[in-house]
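Below is one structure; the comments refer to it alone.
Each chain carries a letter (A, B, C, D and E) given by its place in the written order, and its residues are counted from 1.
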Amino acid sequence: MARAVWSIADSIISPLGFTSEENYSNIRKGLSGVKPTSNPQWNANSFMASALETVASSDASTRFEQMAIKALETALGSHTLPSDKTIFILSTTKGNIDLLDSEDADHPRIHLHAVAAYLADKFGFKRSIVVSNACISGVLALIIAKRFLESGAYDHAVVLGADVLSQFVVSGFQSLQAISASPCKPFDANRTGINLGEAAGVMILSTDPKMLGSKSSVRLLGSGVSNDANHISGPSRTGEELAQAIAQALKTSELTPDDIDFISAHGTATVYNDEMEAKAFNYAGMSKIPLNSLKGYYGHTLGAAGVIETIITIHGLLQNELIPTRGFDTFGVPKEINVCSQLQSKPLKRILKTASGFGGCNAALVVEKVNQ
Amino acid sequence: MFISGTSIIRKQTVIHKGALAFENKSVSLDDFLTGAYNYLSPEYPKFYKMDRLAQLGFLATEFLLSDFPIKQYSPESVSLVLSNAHASMDTDVRYHESSKTSSSPALFVYTLPNIVSGEICIRHRIKGENTFFISPAFDAELLAAYVDQVMVQPSVQACIAGWIDVMDSHHDVFLYLVEKEQRGLALPHTAEELTKLYR
Amino acid sequence: MSNIFITGMGNISPQKTWGDAPLLSEVTEHIHERLTCIEPDYTQWFDPRQLRRMSRVLKMGVAAGSIALKEANIAVPDAIITGTGYGCLEDTGIFLSKMVENKEEALNPTPFIQSTHNTIGSLIALMLQCQGYNQTYTQGAFSFENSLLDALLMIKEEPALKVLVGGVDEITDYSHTIQKRFGKFRERSESNLNLYKTEDGALNGEGAAYFVLSGEKSGKSAVSMEFVGTFYKADAETLQSGINDLLQQAGLTTKDIDFVLLGNSGDQHNDEALQDHAFLLFPNSSTGAFKHLCGEYPVASAFAFWLGVKMLQEQTIPWSIVLKNANRSLNNVLIYNQYFGTHHSFILLKSCRDSG
Amino acid sequence: MEQLMADLKKQIIEALNLKHLKPENIGDDQPLFGDGLGLDSIDALELIVLLQQSYKVKIDNPQDGPTIFRSVKSIAEYIRANQTA
Amino acid sequence: MKGPVHVAGIGVIAAIGKTVEQCMHSFRQHTSGIGDITLFDSVHRGVLPVGEVKVSNEELADMLWLPKHTSRTALLAIQAAREAVAHAGIDLKKWRTGLISATTVGGMDRTEVFFPDFSKDHSKGKLHDVVNHECGRSTELMADDLGIRHFISTINTACSSSVNAIALGTRLINHGMLDIVVAGGTDALSKFTLNGFNSLMILDKEPCRPFDATRKGLNLGEGAGFVVIVSDRVLQQEKKKSLAVVAGYGNTNDAYHQTASSPEGRGSYAAMQKALEMSKLDVNAIDYINLHGTGTLNNDVSEGTAVKRFFGERLPKMSSTKAFTGHTLGASGGIEAVFSVLALTHQCVFPNLRFETAMPEVDIVPQQKFEETTVNHVMSNSFGFGGNCSSIIFSK
């Protein structure tokens, strides 16, 4: 029997706040970080994005690192983790890619493993690894952490998901014509693409229930990961593969679809992604289960998305609240799904977090509330 | 867990299961890659659209699976755990250059390391899980430990794992196949064996 | 001592390896992408009627066998053992292309008859009317070593036997074209003498060499074969323990090896590994290489065998083969061959001048 | 007939690689097998192929070889008798 | 340190069965495997009968979990060798194990696929079709599959190859160099051999009739047969049953002609003699001979004459099983070694199908019915082009 893996602390640094609680309360209020953004370094013209204007680089650290450090400091708080029993996992797609634009293009920390080592060193973690698997990186990093903890290789894991806006990423998504000129509308009939965003989120996982103290908490259950084997940048036409990852997550949790109370979907608000997800949830027998996408609040934060969206969903789980899908008003996907459009109260026990990304990858993770 | 095959590409030389399979040092890396493709003649014109990382991954798996019928496993039961040091930096730099004039979407889609995983999955119809780690150097401990954890997932039968790095003309690929069953000369899947095989 | 003596040798190779000239006093330079044998005039040994149906590889093999028997001063051996990785490629190619061209109609039988690997050894038997043991091994780069091992067992079983053992392989236009497409062989025409100076891969070669092995010393037989060991897909540790076991059984240690003849082929990847390993195992021995002289082919170790025996017989080290000279007298020569990293073999040759 | 035999001699030398012989060395009636030219059963099979390729004359039973291939003359006679054109 | 070398496991695939058990069943039922070509294209399809293993390459590859472009020669070999190893039930990795295989065509069945494209344009043809062309490669594929690294060898002395493989294995065990050897042979049908034998005009257009007066030639077949031979020590320590012991073997050359056997069968006589001498048996002790018996005019007279000379008037029971399987070339010695061991373990002799009238040249009347009878010593003959002759004796 694998050891139980608990979430013992978390943090989010985003335009919606500098702690998870602050973020959650702003989302409850319906606020969004997405707004017209003018930053000549990123793009000559103004564009719609969720940018974190209050964090700047320092002499020692880049913007990316500053965000990461703040998130780590907040989450770690008073927790001291034994360095030899703790693994630090960084989830990011591009890390310090904006250094390519700076005068310091040869900066050693342009390489992802070097950033991870730098952050690990700052916080005294002996072992760090980097997961860079496109937009499922965050969920995947949680799954990897969970596996390392279950196997007994480590007792604690610090999972950091982070990505920043940059000329690189903005121009890239623009070249793909994927960026919406207005705030994104996941699963909506009038959706026109994504908004980019930047954020950092940290989850501290542990196998030691004593670390939980007296508060209610959650444990990570089963997971599933799959590949479409269809197209490197377009999602599967059928959604079978995401459904397969979900089925795998349920199976390894020893649950059925009915045991899931709420789904935090990927919901990027591109035409094809949202269609694919709708098909997948049908395949998985989950068309009736309420779901949301948090992209309307944060934009697509790439390597951070899986972590911060899991954190917000966990907070909803603990509060027995369903967070609505900001931007959604007219149902617009070819298969029936239950898109949550209003803040609701409901007894919740388990949630499912999914993500899908370039390269055809999909990930799914089940989280369960445990009342102490 | 057992290592049933390996494929190495470095110094413009392909070593398959320990034997020299293809070599051409007198040309550029790109010409070497096309040479190796022509040698295999797999009739997969999409190869020419790929970036170097994906081309290397394509070729290495082509060799790795050339004498292994991976298709006998169900698509869902085969996984991929890859790693490297430079992520997609080789293509990132090229894309970044292109973005100064007009951004190339064809290049941008390759600016993620796991695109190579996607290409391999498409080519071999692999639908199991994939993971991409970034490490400063080939990390036998990480691969041995993590691949074992992937392999104990109930649905997983086989896993293609290893190291696939490219930056400018530097390239270093070491892919291997892990299976639950020991067949033939398969070696135990341990960090020690991996270190030996990688050397 | 094993008491397996080499009493006669015949070698047709890309060098002038027959006749009376001192050992490799002249090295033949080939400027071509493959090394081809320098062939003698076969009519000096055979009636043209005997030669009329023979392909090149058959002539080379039969001639090498005949030279070896002459040197050993025996008319008919007790056994004939042949190693060939590729067999008779030319006839195989002719039959295949005719089969395709003529759409399986009206095919000449001769190339088919002579396409089988045992043609070389059985033709020698037929010409000599030798009804004894007749064997052909075809295990890639172990073909010659397998043959030596068989001879070794045979002489241990019956020391009076005189066994003709050889290794024969040819390059044909078809085989060269196909092998080049595998990218293992270099494609540029350049001097074979520069083989180890560039990184382009191995140089395709060929050759035919036969030896008379016997449990009884005679004539020039101042050299014995102590052991032969083959290692398939072995790692460095297996090779190390393998050579140590073989040496121990022969009552020797790595320190006793005076000269190591290495199977460097010009393929840098495997050459580096081989050389590093040899320097590690035999730090104080002289080392040399031979494939710039004969090229890479499955039975190249038969060329090395000839070279090693000659070196011990004449007590000379040809300058053209030296990689490292440790200035040692020549008593034990170890052939440490490798073939594209998958096939490794050890053969130990020993001088027996002193033991009378 | 003379021309046919002259052609045959050239073709036999070529097909059986009898380079040490010239056409004039082969007598019309000289036995080809055994002590004559020293040909053997493989040569007989080669001659069957030669007749089929050059003269479209088929010999189905190799046992007929010794009679047909006794000499150049007997081959020529067989060709004449069996050529359909 | 010579001790008896035992047969501890057998495996076979041939036109009459994919396993030992299926072959035994065919023998009991007198079911021949000779029929039309169905698995490859040839102008001789429908004209020349063959002994085909009725499983396509794809099915074989699927069955064995091997890649589809693997040569048929290797696929057949792996099937038979796996059966033999499983039958022996010994963990090969615990001992010094060698693999000695025999083949005459190697990967020719794939080279034939490669060659038409290649001959039109030398940059064409898929290289994975020729990569395993060499005979030795099929053995390496087997070694990789069975996990054998200690010693590998391939023998190609045409149709006598596999007997020589088993003999070499026995010697290596006797010399204390190996503990276990998987030995035998394999060959797949190919257009190359079919046309080759056709150019020699020794293929019968009817199912072959070895030793019959009306015989017209041989039928080609395909398959593989392997035995696992072990030292006495292995047998004791692994607590296994000995199926048979290798009592003697002989290898000679007829030195008469490139393809034909001498009329008096001097090479075959000498091979039988050497084998018998080594076994230290009396000539009358041989209970059954599995003859080479290809069905060609030349072989059967030559072999028949040698057998008559060797055994005198008191001939043992004998038959050629090639009327069942076709002539499987390099595999024949291995397949027939398996049959010889079966004769000992099942105490039976196999029929020589389709025999009706004895040859006028030499009066040989082979066994015509499957029969259960006392069999203590079996001789198996295999002769080949180039005059290679081998004979082997298995005893209970």
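Basically, a contact is a pair of C-beta atoms (placed from the backbone, for glycine too) under 8 Å apart; a residue touches a chain by one contact, two chains touch by 3 or more.
Just so you know, these numbers come straight off a predicted model, no measurement behind them.
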Third chains touching both chain E and chain A: B
Path length in steps (a step moves to a chain that is touched) from chain B to chain D: 2
Shared interface partners, meaning chains that touch chain D and chain E: C
Chain of greatest Cα-centre distance to chain D: A
Chain whose Cα mean lies nearest the overall Cα mean: B
Result of counting contacting C-beta pairs for B-C and C-E, higher pair: C-E
Between chain C and chain D, centroid-to-centroid distance (C-alpha), Å: 42
Rounded Å distance, chain A centre to chain B centre (Cα mean): 27
Distance between the centres, which are taken as Cα means, of chain E and chain B, whole angstrom: 43
Per-residue overlap in chain C, given as positions that touch at least 2 other chains: 107-109, 113, 181-182, 233
Multi-chain contact sites of chain E, meaning residues that touch two or more partners: 127, 143-144, 149, 199-200, 257-259
For chain B, residues contacting two or more additional chains: 17, 39, 185
Chain pairs that touch, as defined at the top of this document: A-B, B-C, B-E, C-D, C-E, D-E
Interface residues, chain E side, partner chain B - complex: 61-62, 65-68, 70, 126-128, 141, 143-147, 149
Residues of chain C defined as touching chain E within the complex: 80, 85-87, 95-97, 99-101, 103-105, 107-109, 112-119, 121-123, 125-126, 128-140, 142-143, 146, 150, 153, 156-157, 174, 177-178, 181-182, 230-234
Chain E - residues contacting chain D, complex: 199-201, 257-260, 297
Interface residues, chain D side, partner chain E - complex: 40-42, 45, 48-49, 62-63
In the complex, chain B residues that touch chain C: 11, 13, 15, 17-26, 35-36, 39, 185, 196
